[in-house]
Each structure stands twice: as structure tokens, then as C-alpha cells.
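One chain, chain A, appears in both complexes that follow, with chain B as partner in the first and chain C in the second.
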Partner chain A sequence: MIRRLAWYWLIPVAALAWEVVTRSAGAVYFPPPSTILARMREMAATEDVAADLVPSLARLAVGWALAAAAGVALGVLLGRSPLLAKLVEPMVHFGRSVPPAALLPVFLVFFKVGTPIQLAAIVYGVLWPVLVNSMDGARHVDTQYLDTAQVFHLPRWRVVLAAAAPKIFAGLRLSVALALIMMVISELYASSEGIGHRMREAEGSVDIPAMWAGIVLLGVLGVVLNGLFLAVERRALRWHRGRTAA
Partner chain B sequence: MIRTLGVLGFLLVLEAAGRLGLIEALPPVSVVLVTAAGLAVDGSFLSDVGATLSACAAGLLIAVVTAVPAGLLLGTVPAVERSVRPLVEFLRPIPSLSLIPLAMFLWTDSHDAKIALIVYTCSWPLLINTMYGLADVDPIAKDTLRGFGFGPMAVLWRVSLPSTAPFIATGVRIAVSVTLIVAVSVELLAGGGGGIGAYLVQAGSANRVDRMLAATVWAGALGLAANALFTAAERRLLRWRWAT
Partner chain C sequence: MLEISNLSHVYGSGPGAHHAIEGLNLSVAEGELLCIVGPSGAGKSTLLRSIAGLIQPTGGEVRIEGKLVKQTPDNLAVVFQDYSRSLFPWMSVADNVALPLRRKKMDKQQRRAAAQEALESVGLAEAGKKYPFQLSGGMQQRVAIARALAYRPALMLMDEPFGSVDAQTREDLEDLVLQVRGHHKMTIVLITHDIDESVYVGDRVVVLSKAPAHVVGDLKVELASPRDQITTREHSDFVHLRAEVGRLVRGLERTPA
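For the complex of A and B:
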């Protein structure tokens, strides 16, 4: 553990170098970390941070959960039905090729500013990688597994889900980062509250440390969500790792 | 055959939804497709597409020529690689689009801001795939070459680079798929630089939903084409790998 932690020496060193370089250069757009942290503490003390943080996180969680559930369900369904898969395959390929950011102005027409747009953007961004990976995983299930399930009267869908799980998780892992990206861009584009909106305000009033506070917060969020997901994945796929390693 | 039926059915449902007004403000798909066909010969839309694609290409190129050598450099020395990896893993999940407001301050020309952000975003998958690829090189092959008296540069050139190439290619493919997202996102937020995103905003403020959807159709087509192009190029360039 300590040996592994030792390899992390570069992170504090990099932070220190950032502090020293920006301080001595007096770079306006790159404030030293100490200034950013001070601004963050000040914002936490004087402003209602929860009013921006809570909507952002709630939309992120709800949007991701909706899209992940729909993506897994649809993907497994399409993966098990060759006919259905053939019918919708061109649309799936096209749908996932559309850069989700390009749909923001379209969503602005069909949904109200605020939560509906954010949710639509997150769902659209998350849906495709989950769907495509689930479809791929469910399509290639060993027929021996299915036969065995039939002999033992196990429900078929459970076997399919278990066999497709590694692929499903690969899609979900991608989707966590995408959900955060879609949250940020949709809030930067059209929102009246949230982290992204707060950053636009900081940009408008040329409050560079506050802008960086947003960047740092989103960065920490990205790292934490990624770590959280990896931990869940490791637990959920423990049986799989054990099997393949043996 | 079934695929064609699926597409036709999908288009019919969309057309009906548009004609019957099931979804408010949704134009029939035939109108959108006619508008999309018109955009293909519309000079101002084509120059917007050109602005987006040139930024994507420039950003991708700069990212490849900087991140791949950086990955090679960091990946060849194990001690450096193990020290840098946590930092890279730490920086990578930071959503690059959160840097858009900063990029808009740093580059007053939004075209430059776009390219800079594309370079930043594309560098991560390229760097990481190159480093992982190097870590995956067969040590016996390297030792064999060393045993025959080849220098470190020769080992890199003859063994490490060829066996890392498929990883780099994967990195490039991932990078390509994000360039369009980043480009359009910057164009939506920073006006003045043109591009597909700027066209969408313009069509939106003129309340031309058909134009917005038509431009989105083209954006999807571009994404499909870019993916097909790079997959084909990868297959051709790395033919020797598929053959074995």
C-alpha cells in the first residue's frame, strides 16, 4: 500500500510546481492553487453553494440512471433478437454518431430551459455507449450457458445478464465520464443554476479564481465518480475476475 | 433488406409524428431531409462545416504529433512511467469541456480556442494508449534484439513502435470521436468563429427547426464518415497485424 502510494509523489510535486510557477509569473488566467482554494472557501462561506451543487448532482444521477437502465434493457433485448437488431441497427449507428452537443439547440426548442434540457442531454449522451456495449455483450452469450440454464430451470435472462455483465460494465464505465461532460456542457449552454451556470457567471464577471473553482470542483467530481464506479465494478464483477484469472 | 425496412419504418413513424403534430414544433422528416439536401449545396453551411472540420483536423494532428512522442518518451522508462501514470489517471477524468470558459479567455479568436481544446481533449486517449501499448511490448522480443547488439533506438523502432501501433491506432479512433463533440460544444458557446455549432445557434434563433435538424443530420453523417474512414485506415495500415 505504502509502496503504491509512493508512486503518487508526482501529484503534490506538480501542485507545488503549479503554485510556484504561477506565483512568480503572476499569470492572470492561471491563479495559483492557494488562491483557488481560498476563493472556494470564501464561496462556501458566503454563497449558497448547495443551490448550484444539488441540482447539478441530482440531474447527473437521475439522467445517468435513466439512460443506463434504458440502455442496458434495450441493448440486451436487441442483442438477443437478431431480427430486431437488424431492424434498428442503422438508426443506432446514426444516433450514436451525432455529437450530443449538436442536439443542445434542438433540445432547447423541444424542452424548457433548465432541468428538462440537462436531463435530455445527459440521457442522450449516456444512452449510446451503454446500449451498444450491452447489445454486443448479450449477442455473444455461450450457447452452453443457455443450455445449462435450461437444464437446471434457471431463468434465461439471468444467465444472459451475467454473461453480458463485463461488456455492460465497460459501457457503463465510459458513460460515467460522458454523463459528467454532458452535464457540464448543457449547463454552460442553457441553465439558470448549477455548476456550469455558476462558471458562466464567473466568466461574465471575469472572476478567474471562481471560474477555476468550478474547474477544480468538476475535476474532483470526475475523479471521485470514476473511482466510485471502479469500486462498484470490482465488487460486481468479482466472480468474473476470479474465473478468468484461474 | 430487413435493415432497409427498419429505416423506412422509422422514417414513416417520424413523418407521421411530424404531419399529425404529435410532437410540438417537430417538422415532418421529409421536410428535414429536403432541407438537408439543400444544405449540401448551401455555400454558407459548407463553409461552417469546413470551419468545424479544419479545427478538428488541426487539433487532432497537433495532438498526435505531441502526445504520441510524449507517450513513447514517458512509456519507455519504467520508473518515469510508474510516476507519471497516477498523475495522468488523476488528470484524465477532468471533463475537458469545463475548460471552455478558460479557453475563451486565453484565445480571443474562437477558432484557436476550439483547436486548443481539441488538442487538450485528444491528447489524453493518445497518451494513455501509447503508454499502455509500450507496457504491453513482449520483453523477450526486446531482449532478443538487445542480445544481437541493437541499440535502444533500434529496439524502439523495430519492436516497441510496431507492437504499440495498434494501441496508438485505438487512441486515434477514440480521439477522432471526441473531436466533433468538442468542436461543436465550443462553437455553441463562443460565437463568431463559425462552424456547425454556430450554424445551429443561428438556425435556432431564427426558429428554423428544420434547418437545425438538417444540420444535425449532417453532423451525424460526418461522425459516421469519420469513424468509417479511420476504421478502414487502421485496418489497412495494420494489415500485418490482422494477417497473423
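For the complex of A and C:
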């Protein structure tokens, strides 16, 4: 544990360098980390941080869960049905090629500003990588697993899901980062609360340290979410890690 | 027990169609251990898949205990050649063996006990908690055999079961099959391209022609049991039989189909 932590020595060094460079340059738009941290502490003490953080995280969780469930279900279905895949796949590739952020203006037309539009943005961003990876995983399930399932009368879909799990998890991991991106983008443009909205307010009132406080918070959130996901994945795919390492 | 009459199977259609089996007749008695040999590409696997209900043959029929095979029958188990793709890597060895028993009227404890018993009978009493990838190839194939045994099938099909293991392991597994058939009352159909193996393991050896496959030889193996890797193989009856089977298989390879 300590040995692993020792590898993070560059982080304080980088923070220190950032501090030194920004101080000596005196740039207004690049405040030193100490100023950002002080502003963060001040905000935590004087403002209702939970009022922005909780709705952001709730939308992130709900949007991600909805899209992940739909993506896995649709992906596995398409992966196992060559006929359906032939029909739908060109559209899937079109859909996933459109940058989700580019669709915000469209969502603005269709959905109410606030939670509906943010959920739509997160769902759209998350759906594709999950769907495409699940489809790929389900398509390439070894036929002998399926023969075995048929011979012993085992439920076929469970064998497909288990065999495709490594691919499905790869898509889910990608989607966690995407969900965070879509959460912020939608809040920057179409929200009256949330982390993104607070950053926009800070920018409007030229409260640069508060803006950076949002950026730092998002970075930390990203690291934490990815860490949580990896912990779950490591448990679920223990067999896969062991097998590929052997 | 197993009746195959006028079986044919064609893959594809038109001029590119591949006739894998044509007019194949075969019957296997209850409790018999039948080995099927034939040159590679002879349609041996197609035959096995037809018996197992994994494919619908384009002509003829397969009956097991008088019942026409349409899907995989309940009383049939298969041991595939490639154990690494037949055991589920995401489950422990014991779970792999116990999984097919869920359909039987057994509670969790009974299933676990049956799996353990099957693992013991293949010499893997201690391996239950491991994952398949932690075992050697020969041990994995033992697990696949244990899974089939625990299922208590009336008919066990084995598709080149020892084709992917080294020679020593192969002999051990051949003896294992001879040993377990003594304990379990079942009919076994073993497909192999190894002529020696077919004579050593079988009560009877059936030789298939090149594709489109049909039966070209049907020999009774009357060797003393229990069989032994050294003494059985040096016995003049064994030498004679393997030469006869070999001539049938070889002869086919020389004459163009």
C-alpha cells in the first residue's frame, strides 16, 4: 500500500510547481491551487453545496443506470440476432458517431430545461458505448459455450451474458466518464442548478477561483467514480483476470 | 438404444453444397461402448451433432430409446474435444459440474454432493473450488467428464475427447473412461481419429468413409478386460484388430472419393 502510494510522488510536486508558476506569473485566470482550495473551503462553509452536488449526482446515477440497462439489453439482442443487426446496425453506427454534445440544441427543443434535458443528454452519451460493446461481446460468444448450454439445457441468455461480460464491462467503464462529461455540459447550458451551473455563475461574476473550484471538484469526482467502477469490475470479472493472467 | 437409419446431412445447397453424411445406418446396444473412427473431414462431428440434437439432419432419423431426436434429449450428455471452450471459465469447477443438475429434482445440497461424487470418481476430489483455468488440460477434460457423469445420462457422446492432451494424459483418460463405465450404467459413443484408441477403448469399432460418410466397417473388439495400456496393446488380437481398422481407414484415404 505504502509502496503503491510512493508512486504518486509526482502529484504534490506538480501541485507545487503549479503554485510556484501561477504565483510568479500573477495571472488572474490561473489562480494558484492554494487560492482555489481556500475558495473551496469558503464555499463549503458559506454556501449550500449539497443543493448543487446532490441533484448533479442523482441525475448522473439515474441517467447512467437507465442507459446502461438499455444499452446492455439492446446490445445483447442485436449481438445475438444477425437479422436484426443487419437491419439496425447502420443506424447504430450513425447514432454513436454523432457527438452527444452536438445534440444539445435538439434536446433543447424536445425536452424541458432542467432534469429532463440533462437526463436525455446523459442517456444519449452513455447508451452508445455500452450498446456497441455489448453487441460485440454477445456476437462473439464461443459457439461451444452455446452448444454446451443446449446439450445440458442451460438458459442460453445467461451463458451469453456471462461470456460477454468482459466486453460489456469495457463499455460500461467508458460510459462512466462519458456520463460525467454529459452531466457537466448539460448543466452548463440548460440548468438552474448543479455543478456545471455553479461554474457558469462563477464565470459570469468573474469569480475565477470558484470556477476552478468546480473544475477541481469534477476531476476528483471522475477519479472517485472510476475507482468505484473498477472495484466492482474487479470483483465481477475475477475469473477473467485470473484466466488472462495465466 | 441408439438407432440411426438412413441418415444424411447436406450443408448449404446448389453446386457448393457439402454432403457430409449420406445413407448412414447404425445401431448401438444398451451399455455398449462404441468407437467411431474415420479420416478427418469424414463427417464424424456432423454425425455426433445429429445424435445430440445440435443440428437437424437433412435426411433420415436418429432415435434414442425409441424416441425420435429433435432437440437434445434429457438423458444425453456430451464431452467435447475442446475442454477450454466447453467448461465455463466464470464458474468454479464444482459449479460447472453442478450447473446442469439444476433441472433435475435436486436441492442445492444434493447437487453439491453429486458434483463432489463425480469429481471424486475422476480423481479430482480436491479441485472443486478452483477455476478451470487453474487446472491442466487433462484435468479440465476430467472435469468435463465429471460434469457428464454427474448428469447421469443414458447415452454419453464423446467427440475426440482426448485429442488436445499429451500422450501420457491421453492414456490416463482412456483408462478413466473404461473405469467409469464400470460404475455407471450407460451407453458411450466415442468419436476419434486415433485407430489404436478406438480398438483399446471400444467394445466395437465402426469405420466411416470419407464424406459423404457411411459405415464401411463394423468390428467387434473381443479383448479381455480389464484392459491395460501395456499388455492389451501387445496382445496379438489387439495388433490384428488395429491393423484391420487401419487398413479400412487407410484404404479410404488412397482411393479418391
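To be clear about the criterion, the second predicted complex is superposed on the first by the 246 of 246 C-alpha atoms of A that agree within 3 Å, B and C clash if a C-alpha of one lies under 4 Å from a C-alpha of the other, contacts with A are read in each partner's own complex, and residues count from 1 in each chain.
FYI, contacts are C-beta pairs under 8 Å (C-beta built on N, C-alpha and C of every residue); 3 or more make two chains touch, one makes a residue touch a chain.
Just so it is clear, the model here is predicted, and its values are computed rather than measured.
In the superposition on chain A, A:Y145 contacts chain C only, with no contact to chain B.
Legend: residue contacts after superposition of the two complexes on their common chain; A:G222 is shown touching chain B, with no touch to chain C. When the two complexes are overlaid on their common chain A, residue A:H153 makes contact with chain C while staying clear of chain B.
Counted by residues of chain A touched, the larger count belongs to B, out of chain B and chain C. By the touch criterion defined above, A:A165 reaches chain C but does not reach chain B. The touching residues of chain C, counted against chain A in their complex, run 52-54, 71-72, 74, 76-78, 80, 82, 85-86, 88-91, 99-100, 103, 131, 133-134, 147, 151.
Contact residues of chain A toward chain B in the complex are 7-11, 14, 29, 83, 86-91, 93-95, 97-106, 108-110, 177, 180-181, 184-185, 188-189, 196, 199-200, 202-203, 206, 208, 211-212, 214-215, 218-219, 222-223, 225-226. Every residue of chain A that touches chain C in the complex is listed here, in rising order: 142, 144-145, 147-148, 150-154, 159, 162-163, 165, 239-240, 242-243, 246.
The touching residues of chain B, when paired with chain A in their complex, are 2-3, 5-7, 9-10, 23-26, 82-87, 90-91, 93-102, 104-106, 180-181, 183-185, 188-189, 196-197, 200-201, 203-204, 207, 209, 212-213, 215-216, 219-221, 223-224, 227.
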